[in-house]
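What follows is a structure written as structure tokens; I'll ask about it next.
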Amino acid sequence: MLISHINRIAPPLNMLVSRKYRRENTVIDVGNIQIGGDKIVVMAGPCSVESRQQIIEIAQIVKKARASILRGGAFKPRSSPYSFQGLGEQGLHLLAEAHVVTGLPIVTEVMSPSQVSLVAEYADILQIGARNMQNFPLLCAVGRVRNPVLLKRGIGNTLEELLLAAEYIMSSGNYNVILCERGIRTFESATRFTLDINAIPVLKEMTHLPIIVDPSHAVGKARFVTALARGAIAVGADGLLVEVHPNPEEAISDGEQSLSPQMFATLMNEIECIARMLHRSI
Amino acid sequence: MLISHINRIAPPLNMLVSRKYRRENTVIDVGNIQIGGDKIVVMAGPCSVESRQQIIEIAQIVKKARASILRGGAFKPRSSPYSFQGLGEQGLHLLAEAHVVTGLPIVTEVMSPSQVSLVAEYADILQIGARNMQNFPLLCAVGRVRNPVLLKRGIGNTLEELLLAAEYIMSSGNYNVILCERGIRTFESATRFTLDINAIPVLKEMTHLPIIVDPSHAVGKARFVTALARGAIAVGADGLLVEVHPNPEEAISDGEQSLSPQMFATLMNEIECIARMLHRSI
Amino acid sequence: MLISHINRIAPPLNMLVSRKYRRENTVIDVGNIQIGGDKIVVMAGPCSVESRQQIIEIAQIVKKARASILRGGAFKPRSSPYSFQGLGEQGLHLLAEAHVVTGLPIVTEVMSPSQVSLVAEYADILQIGARNMQNFPLLCAVGRVRNPVLLKRGIGNTLEELLLAAEYIMSSGNYNVILCERGIRTFESATRFTLDINAIPVLKEMTHLPIIVDPSHAVGKARFVTALARGAIAVGADGLLVEVHPNPEEAISDGEQSLSPQMFATLMNEIECIARMLHRSI
Amino acid sequence: MLISHINRIAPPLNMLVSRKYRRENTVIDVGNIQIGGDKIVVMAGPCSVESRQQIIEIAQIVKKARASILRGGAFKPRSSPYSFQGLGEQGLHLLAEAHVVTGLPIVTEVMSPSQVSLVAEYADILQIGARNMQNFPLLCAVGRVRNPVLLKRGIGNTLEELLLAAEYIMSSGNYNVILCERGIRTFESATRFTLDINAIPVLKEMTHLPIIVDPSHAVGKARFVTALARGAIAVGADGLLVEVHPNPEEAISDGEQSLSPQMFATLMNEIECIARMLHRSI
């Protein structure tokens, strides 16, 4: 049989991620926010933390538009070594200030096992980026802290592999894992990636973990993000991860896919209507 | 430059499909139905016409659930020569009977240029299947009749190629083309295909033609179809093409992805709510 | 089971294409050429027949370099309706002239069932292009004539589907089918397509039919074609389909991937060495 | 312009990996072996180091068959946390013993920045696995030691991204980088991955770094590996990475794709003939 290697899509009964291991949805507490419950959780903010003024301004903007969590990159994985790599630890300090000013919990990326304890001091949620979905020492390291983990799907990885990556975190002791679909690589070149919207109902059947969608990376153009956000909530996602920048055209990274404050306010209003139809709120 | 071949994504100004050629949405009349207008159009029915009783029963069921158009295959393209190939001309007669009984317009597939005039007598809308998206003699042949054409995207074809295929039909004289996203082939094996939901807003920007979504083929499992239908309408699709069967487990083809009458009624109710939010109706 | 649809990779015992149906390699006679035997068969010529002078000149050139068969398009499937569509029947006449002058058998594409009898008069081998691999009425039509058929793999089609397409031809009565791997669509954008070199040994195990490779379309750049041709012969392909043009920079179509006469002579010398190593000849 | 993100395939002039920065091929010394020179370098051995007896036995076998370098995993990245994760540091000791017995240099994988100094003591070449191709802290860490680095292409990564990953290593100070094509993820399910053979000539034009091929992972079935190895050498690869096991059916990992000693001896004889034709040796 030539294809036996892909025959194990359903996680075995005994896997911690499996809906068979736990029937009810996992709901994760972050401050007074609940991820995976009735409320749709929107995490918004810039690709990179660029300056005190930028991150505080955008934190206030997304809070006003009813986002629940502030995103912002301090340690940035970039394809080229010559691209801006983030402000590093200074970026974490600025995120902490934005938290003090707005009260918004923080989600930010961690890139190596040795950074985990530092980032875990500042971040409410630790993000594992798509490139690190199968960085197993990193998965084990975030599995040994208490902070919830936002695990992004790799661009070339199957849903089965995403669940096995979550299993690394859970089997290391941390059960607070949020899955994130952010687009996969296909032949289509009109968009940056292809949002795998099928993944939402399929994952909901396979696992009890919350699932959010990152429409910004999935399509790569700001003007298409709101439509995809509506679609993600309509199929049943538990939340969104969205890039918003006070002046997208001046962003140091990912400006092309960042929403302006006004576009983000529209997005929030539109997904609120969809959420209500599904007996959820934002 | 290694990638010059994919540099022409935006259709040239003078292309008939282009939003630059025609700014307003094209609205296509089929009987008293309008495709591409404010109303969401749902085309529903079995994969294959199997018998008089089956097609008339399902026509009545989908009509009652407020579908606008009856789908059903008479000439069936099947990967294997040993699979059921459809009832052929007899299937067309049965579709005509279902039309008489219910008043629903008919959409059915045409597979070769020499069949076009026959199928055009019975069908209100001629369907070009995904496998024939670049069957250029067939595109030219349907371009020479008056019936609207439902053009499905090939599983390995880009959006640019889809628009160029539509251009073949339009430049042959038939401007009534409806585009259909039905899933593309990717590495993900948990679903039959990957619904390219990005395609909806991207196509809406590139072209004035109506765009519908086939969630049944895109995901391949009936229990996921309704969620995807909601997502498709939420992102802005003008309609749906959905497989429904009176007894899915007894269907001769595609039973696994066919909705039962009850599931279809639920789908219609759910997309109605989404449509209303977008100031559309069903 | 989510992936049952891809569980049937091994053709059933009773399929005509299967190595289980026929253990020995099928060898196909075209004039005094044998395809699928010990000799490597190279089919070469321009993408399109452009003029009497062009096709006769290139026929003499490829013959001198020891190609066995002349390729050239008369009916050209092109993604855009505004691209050159080939000389049509006149192109067939010119191919016939080139045959008279050089004695080389002709392979050329047929695009619709109604063209089959015409093209079959002029062509020694009927080519089914990648876009028509699942054009089932066309497969059945070429299955009802005597000419050998060169069946190209669709860019989005699996090996299983390629074999099922061949089965359409064989089950219609024509057992002389030559399979052709010509690159599949993947995320990699540095080359036009990705040559699926794995396909050669896998197909050799699954089927008794001869298998050739088209490196010109697979990579899309003339300067890489010779290396890939060496690779194709080294893994066990029975032949090649190569685009050669007297003046590639002036070609009406596919100039970028066409070899100059000199490059083609080099290719032939290099694959001869590889062939000899495998106890084959050219 | 929708596709600006993929417009930068050619590395800029000033990149260290670029053929424009350095015209001549980079040749890397490992003991008295040269990688990237006239000699084809074959790295062979088991997927995982399993025991002293196993690794010493296989080291002697591959040396006798004229492999130049011993491969073997001590730290194993596995998709599931419940699969065998390698013998760890003990595996490194056993590799060192195999080196003492046979004199073969060792290539083995390193999975996190904190392991680099340990693995660098035992390994002649540090392997970065496909899953870690964009683990940037790890790339920087191996960029700060002297050992040559074998960088495997990620299954969802473009050639441009592979070169940018190599640039991370080089810009950190280590110019001894060997690139490895090991198959990419595509829709084809008949093989484990799709060997991107196009990558070899394309990379040879873009970069001066040596390029080897891993046919074992690319196809996933032992019986197809030798054919692909011939193809890789014929297109111009500088070497191979091949899984060989004394008893493939008893291997703890990757047994299905491991060659038996006898199959490996055949592989070496066949690629020697191809190498000679290209004026190279093994």
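Every chain is named by a letter (A, B, C and D) in the order it is written, and numbering of its residues begins at 1.
Please note the rule applied: a residue touches a chain if its C-beta (ideal position, glycine included) is under 8 Å from a C-beta of that chain, and two chains touch if they have at least 3 such contacts.
No experiment lies behind these values; they were computed from the predicted model shown.
Student: Would you mind checking which chain's C-alpha centre is most distant from the centre of subunit C?
Tutor: In terms of C-alpha centroids, the chain at the greatest distance from subunit C is A.
Student: Looking at B-D and A-D, which one has the bigger number of contacting C-beta pairs?
Tutor: Between the chain pairs B-D and A-D, A-D carries more contacts.
Student: Rounded to a whole Å, what is the gap between the Cα centroids of subunit B and subunit D?
Tutor: Here the centre of subunit D sits 47 Å away from the centre of subunit B.
Student: Cα centroid separation between subunit A and subunit D, in whole Å?
Tutor: Taking the average C-alpha coordinate of subunit A and of subunit D, the gap between them is 33 Å.
Student: Multi-chain contacts in subunit A: which residues touch at least two other chains?
Tutor: 2-3, 6, 9, 156, 184-187, 189-191, 202
Student: Touching residues of subunit D toward subunit C in the complex: what are they?
Tutor: Spelled out, the residues of subunit D in touch with subunit C are 6, 9, 156, 158-160, 184, 186-191, 194-202, 205, 218-219, 223-224, 227-228, 230-236, 270, 273-274, 277.
Student: Can you check the complex and tell me which residues of subunit A touch subunit C?
Tutor: My answer: residues 1-3, 6-7, 9-10, 156, 185-187, 189, 202.
Student: Touching residues of subunit C toward subunit B in the complex: what are they?
Tutor: Against subunit B, subunit C makes touches at 2-6, 77-82, 111-115, 131-132, 134-138, 154-157, 161, 164, 167-168, 171-172, 184-185, 189-192, 220-221, 256.
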